[in-house]
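Multiple structures are listed underneath, in structure tokens.
The same chain A turns up in both complexes below, where it pairs with chain B and then with chain C.
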Partner chain A sequence: MKIGVFICFCGNNIGGYVNVPELTDYFNTLGDDVIAFNTTFLCSEIGQDLIKDKIEELNLDAVVVASCSPKHHGSIFQNCIGEKINQYRWEFANIREQCAWTTPNKKDATEKAKAIIMGAIEKAKLLKDIGSTRVPVTKDVLIIGGGITGMHASLELTDKGFHVHMVEKKETIGGNMVRFDRVFPTDDCAMCTSSPILADVAMNKLIDIYSLSEVVEVKGRPGEYKIKIVKRPRYVDEKKCTACGECTSHCPVEVWSEWDEGMGLRAAIFKPLAQAVPLKNRIERDSCIRCGTCENVCKAGAVLYDDTEREFEITVGAILVCTGYELIDLTNTEYHQEHPNVLTGFQLERIKVPSGPTAGEILRPSDGKMPEHLVFVQCAGSRDRRYNVYCSKICCMYATKNARLIKAENPHMKISVCYIDMRTAGRGYEEFFDKAREMGINYIRGNVSEIVPDGEDLILKVEDTFTSEPIDVRADMVVLSNGLIPSQGTKDMSSVIHIVSGADKFLAPVHVKIAPVDTASKGIYIAGTTEAPKPIQECITDAGLVASRIATFLKDPEIEIDLTTSKINPEVCIKCGTCAENCVYDAIETSGEFYEVRDVSCQACGKCSVTCPTNAIDLSLFSEDQIIKQVDGILHEDPDAIIGYCCYQCGYNAADLAGTAKANIDPSIKVVLVPCSGRVTMQHMLYPFFKGAKGVFLAACLEGQCHYIDGNLQAKEKVALSKKALDIMGVGGRKLNLFNMSSAEGPKFVAAAKRMVEICQE
Partner chain B sequence: MAESTSFEPKIVAFTCNWCSYAGADLAGTSRVQYAPNMRIIRVMCSGRVEPTFILEALQNGADGVCVLGCHFGDCHYISGNYEAARRMELLKKLFKDIGMDDRRIMIERVSASEGDRFGSVVNAFTEQIRELGPLPEDYQESLSLMRGALEGERLRIVLGSTKRAFEEGEIEEERYNTTMHDIALEEIERVKMMKALTENGPQTVPEWAEYVGVPKMRIWRHVLALTQKNVIEVVGEKEHYMQYQRRGV
Partner chain C sequence: MVIKQEEMDLEFSKKLASEIGESFQKCFQCGTCTARCPAGNVSQYRVRKLMRMAQLGLKDKIFDSDEIWNCTTCSTCKILCPWGVDTLSTILKLRAEAVKAGHPLKKHDPLVKSLLSYDNPWLQPRNARTKWYKGLDVVDLSKNPGEADVLYYVGCTATFDKRLWNMTKAVVKVLGMAGKTVGVLGKEEKCCGGTVRGVGHPDIFRSLATRNVEDINNAGVDTVIFSCPGCLNTIMNTYRKEEIGEIRPKLMHVVEYVAELINEGKIKLDKDVKRVVTYHDPCHLGKHCEVYEPPREILKAVPGLKFKEMDFVKVNSWCCGAGGGLKTAFPDRATELSSNRLEQAEKTGADTITSACSFCYQNLLDGLVVRKSKMEMKDVMEILAEAIEE
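Coming up: the complex of A and B.
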């Protein structure tokens, strides 16, 4: 087995922290079967050519790439190596994010890199060819969420010839945008811009819309997902209702309208907006008093009091989640959102809309008065450690937009905006903001610490940060620029489809910069405000991108699936069925006589091999022995190391992020990548201690967020057992730990590493 | 109280054809003696009596009104007496809400064989009204407000749908009654708001609140509803408030 080691300087990124020539020399002294090279940029064409040339020239059996994180350029190297030998005959050594950038001392960093590379070499010795198989794909796409992102993506996809199933939780598609008055920075009427899109979606024969529906289960594999959908009863026959409105005009019920955010009234039978899609009425049964009037007056006979919930299944090739955002609720806080004259941004939109409850007049809810002093409160629940740490991005602009529009129509109204910083990055945004100040809108640079109700009016406690003086601002109406949070639907989808979310609870893409709409699961995508707060134009950009990504994925009748899956050794298998019971993907077939892995269903998490009593089932990549060998290699160079098994979805990303942030991590910490924390066997946990390791830890996804559903929970059990074993052996169970973190939580990884070092020094 | 002793109340009784009217006849044939203050109006069923009939009587000189029907379970039309009871319950609630004595109206059950009972029911009610004295003059305004509300479609729909709504088991009776009561109060306030428009011209929310005697926030809800139903419209501005008038006036 001849192995080529290619070490990258990455300019100064690695070369500045690690002695690359010393490393190269060292690995050239190990024997004939290991040959090392270095170059300035391995990912460049020159670097790739070097790898390809050397594979051919020296008949290399496997390659170790010592460079940046595989999450960064992994696919470049895989493709490059795949041109010459099997693309799985390479192993990486992450000496940039997880070594150079976290270790200030060059000698320490060089020694750490040595151990990381040695681990990779040892693992590479066990690499085998991995083939692929082709499986058919369904050309249908599921779009969850009918907001502006979902609508735009659906039209893009149908233009490309795909069939779209659109699932919408509400009674109409359109999302939040159709509830707005106007949109920045053009001051376009939101409905005028979106109603043609609504109409196109409604008329499109290739789009099936399921309103009042929710996805409750997703099974299957990329290219063939089986989706279970529940459609809640509308109590109106969609085939018969013509939305004439006769029922609504006779319904005796009047309740505050959810669609109007409690600013207007609705009947128990209603349609939320005139352009609703589908254009059908709906009975909201909680407010309905069953008087029967709608049924009596409906000439179409469309009222269906005994309508029931319906469950059905569809098959799709790809899934797009665009379930969007909602506003943070600041009721019963120092913002006093419960006060009638403290409005949310949404509520203001609803009273500003010309078709809204006040026909667009700004009248306050306590008594219908036209406010004399209207104050916008920025960063309400954003950039605040008590609520959301992040900036909600759109509020500076949406408040300015509303302030400008109101000022233009009511020149005598005093309008103030209390802000921390005005963030107006975007084409035409700063000019938009400048105009607002010219119009006489009063911008007060100061955070509002409290809103004190004073009868119907309000007193805002503000610190003017220009003069450093606390001031009281009296207002007769306040509009909070509530921060954005993931909608309930977004949170639900995170658990139904198992998409990892960040610390902010928005769903996380594979890579924020270079793969912003891809998720860790092939064939499953996210877009729009499901991913982060963003303005409408960015949602449209996302929608176009995601439609293109989906079309690329589904363009051929078949897709190739690499067989990195589990394999069963029939000679050792005792047919106990434990693996089949534990597999959440039903990927293990059995006739009772034999057990076999269904390659297209297997997600290669490796949880099965942990539960197998005879080690009969194992992963092709990340096999039991490969991991052990990698640990061997690391401990050969650094017997005092602390081994950290990091899961691909979260722990490893967090470790990379710690590096990107140039956090200081003790060089004894050595990361071993595993597909899932559930793949780590008890042997993996205990073995390093026999070899002298100081400690072992697992970095797994947050509970409930495991990409493979329950891997981190299985790991939790195994860790608990192994801790007991270590106690009995006198090593000390405290030296083995499991840490849960999301892929975005670099600081949590740093803390975990620090904690491990402390424990091991005790 | 010399005046009350000389006062002879005028009482109107709506009696159902099948039980109470026959009960009154039996009282007569049995020569049961009872107070002469009551004037009987025969209806086929106590369920036929609309709340507005009762108000009409009070508006035209009656000092008390009673509805007499069959005992529960005995209604010739199966459930008319239940309907009547429900309406009387609402009407009594509204009397209290609006500040009128609800003892001026009553519902009782008298069967065809209860001649004696007919006499005693009439005597007791007559005595009660006699004690209450003549219908106060200031009741007239409240009665006309209430009548305006009860003649409106919204309240008529709710009143007329009780049978379907909860006798068919689709909604709890208590919830329906609460909703019906809320709607009635809303409608009474809205009639009063309309009256203010007629009497004083365009109104703002604070002006209305003072006239109707409810909080401004409640008036604002009415304004939203009446605007949505195209009943009123904005006609001007006054001291930071919109002025509203009947649509098309």
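Coming up: the complex of A and C.
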């Protein structure tokens, strides 16, 4: 087995911290089967040519690439190597993010790089060819969430000829935008902009809309997902109801309307808006007193008191999640959202809408008077460690929009905006803000420390930081610019579909910069405010991009799946069925006689191989022995190392982020990549100790967030068992630990590494 | 005036960060702190600006002005800061640096000298510490260790200010009713050091603290009770933070101790107290030690008493202005603040303002005079004593 090692200077990024020539010389002294080279930029054309030339010239069997994180240019190297030998006959050594950038001392960094590369060489020696297979795809697309993002994406997809199933939780599609008055930066009427879109979606023959519905289960594989949907009862027959409104006008019930954010009233049978899609009435059963009136007046005979919940299944090739956002609730905080004259951003939108509860007049709820001094409070629940640390991005603009519109209609009303920074970047945005000041809107640069209710009025404690004067601002109506948070539906989908979310709880793309709508799972996508707070314009951009990504994925009748999957060795298998029981993807089938892995269903998490009593089932890539060999290689160079098994979805990303942030990490920490923490066997946990390692840890996703559903829980169990074994062996179970972190939590990885070093020094 | 590049000593701010943590460097100048800073409400002092000057390393500008000496150490800013800036440690550190650089506040000189000579800030002889308990049944634990149920750490302010003796005596009376013998350290008691630390002398603080840890451990009791939350916070929290040494007995404010006794039915309250009472949360008891409920439980247990809350209470309460050396340095600002707080108290319709702090006691008393208020100042323990039959 002949192995070529290619070490990259990455300009100064690696070369400045690691002695690359010394490394190259070192690996050239190991023997004939290892040959090392270096170059300035391995990912460049010159670098790639070097790899390809040497594979051919020297008949290399496998390649080790020592450079940046595989999350960066992994696919470039895979493709380059694939031109000459099997594309899986290469192994990376991440000596940039996880070595050069975290180890300030050049000597330490060079030694650490040596160990990392040696691990990769040892693993490479066991690499085998991995083939692929072709599977058919279903051309239907599931879109979850019918907001502006979902609607726009559905039209783009149907234009490309795909069939769309749109699942919407509420009684109508449209999302938040259709509840607004006007929208920045153009100030055009939200409904006028969206009603043509609503109508297009409603009439499109290629779109099936399921309102009052939610996805409760997703099974299957990329290209063929089986979706279970639950549709809640509407108590009105969608086929018969003509939306004439007779029922609504006769219904005796009047309760606060959720659609109007409690600013107006509704009946128990109602439609949320005139342009609702589907345009059907609905009975909300909690408020209905079952008087029977609607049934009597409905000429279409559409009222269906005994309507029931319905569950059904569809099959789709790809899934788009665009379940959107909601506002942070600031009731009973220093913002006093519970005070009748303190409104949320949504509430103001509802009373500004001409068809809304006050016919567009700005009247304060407590007494219906027009306010004399209206104050907007920015960053309410954003940029604050007590709530959310992130900026909600759009509230500076939406507050300014409403301030301008109200000022234009009511020139005598005094309007102030208290803010920390005005974030108005975007085409035409700064001009928009400039105009607001010209109109006489009073911007006070200071965060509101507290809103103090004073009867029906409010006193805002704020410092005008430009003059350095604390001011008691008296207002008779306050509008909070509540921060955006992921909607409940977004959080639900994160667990139903197993999409990883960030520390901010918004669903996380596989790469924020270069793959903003892709998730870690093939065929599953996110877009719009499900991913982060953003304005409508960016939702539309996302929608276009995601439609294109989905179309690319589904364009052929078949997709290729690499067989990095599990394999069963029939000679060792005792047919106990443990693997089949444990596989959450139903990927292991039995004909009664023997067990076999269904390649198209297997997600290559490797959890099965951990449970098999005879080690009969193993992954093709990340096999039991490959991992052990990698550990051997590392410990050969640094017998005192601390081995950190990091899962592909979270732990490894967090370790990379720690490097990007140039955090200091003890050089004894050596990362070993695994697909899932559930793939780490007890042998992997114990073996390093026999070889002298100081400690072992696992870095896995947060509980409930495992990309493979329960891998980290399985790991937790195995760690507990292994800890006991280590105690009995006198090594000390405390030297083995599991840390949970999201892919965005670099600092958590740093803390975990630090903790391990402390424990191992005790 | 133009600030010269040389005046921006970024090394200075780097040094601050290495000693107290880098949180002040994250301040994004939102002003949340200033808007609620009590000191800033009665002076030109702006805690936000101070953080900015610290970021820029404008040390001469900081040392030359009296800005840093205005803070009452109430901790409001630290609690409110959206970015988690440890404003208070930054302020105290800047004070210490100012003193080190030869810029102490002159008005604090007598206080510092007194501490060096007499172990108390009020220029009083050590012997005078025993005056308040003449004739009372109190054990001197410095002479007879272990001969009492609790050690009562009286604190310099209540020890020497006659106006507070009714409170200290009430503590002895109430505990006596519950069958507890009260011990003190007599003339061996020393200032906790909180005030000197607060005005920029960490070294004098350390010397006092080290001796206090020894005295407290040697008293032979399980529990130490405090009337002054300043002392409690210093000995319980600051000593730990500054790693002075382990204190064996349990430390608690007298209201916590007594609230427990009442709960256990050990104190009989049989006299009606015809008062309408409101309660002022001392910053050092509330915001610093997070003790909010016990004083309220005690007041609510008193028969005949009507309890009224002010608008701003607990973590949200306004500082009375007594702390941080403000009362010594700028007495007028301190009383202006207590007067403001009393205005909030008057709004409740109460005839009595209560608190559980020697410093607040003094300052609110002064405020009552300035305001010509009809309210009366009482410590929670005084009210409790009124409810107990002689």
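Following the convention adopted for this analysis, the second predicted complex is superposed on the first by the 759 of 762 C-alpha atoms of A that agree within 3 Å, B and C clash if a C-alpha of one lies under 4 Å from a C-alpha of the other, contacts with A are read in each partner's own complex, and residues count from 1 in each chain.
Note that contacts are C-beta pairs under 8 Å (C-beta built on N, C-alpha and C of every residue); 3 or more make two chains touch, one makes a residue touch a chain.
From a predicted model like this one, the values you see are computed outputs, not experimental measurements.
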Based on the superposed arrangement around chain A, label chain B with chain C as either clash or fit. fit
First, second, both or neither for A:P357, with chain B first and chain C second: first
Of the two partner chains, chain B (first) and chain C (second), which one does A:R385 touch, if any: first, second, both, or neither? second
Which partner does A:V253 reach: the first (chain B), the second (chain C), both, or neither? first
With the two structures laid over each other on chain A, which partner does A:E558 touch: chain B (first), chain C (second), both, or neither? neither
Contacts of A:D49 with chain B and chain C, given as first, second, both or neither: neither
Contact-wise, after the overlay, does A:R290 reach chain B, chain C, both or neither (first, second, both, neither)? first
Of the two partner chains, chain B (first) and chain C (second), which one does A:D367 touch, if any: first, second, both, or neither? first
Between chain B and chain C, report the minimum C-alpha distance in the superposition, expressed in whole angstrom. 23
Can you list the residues on chain A that touch chain B in the complex? 249-250, 252-254, 264-265, 289-293, 305, 340, 357-359, 361, 363, 365-370, 372, 456
The chain C residues in contact with chain A across the complex are 28-37, 40-41, 44, 46, 48-49, 80, 82-84, 311, 316
Would you mind writing out the residues of chain A in touch with chain C in their complex? 334, 379, 383-386, 420-421, 445-450, 452, 461-465, 468, 470-471
Any idea which chain B residues touch chain A in the complex? 153-155, 157-158, 161, 164-166, 168, 170-171, 175-176, 179, 183, 186, 204-206, 209, 216-217, 219-221, 223-225, 227-229, 234, 237, 240-242
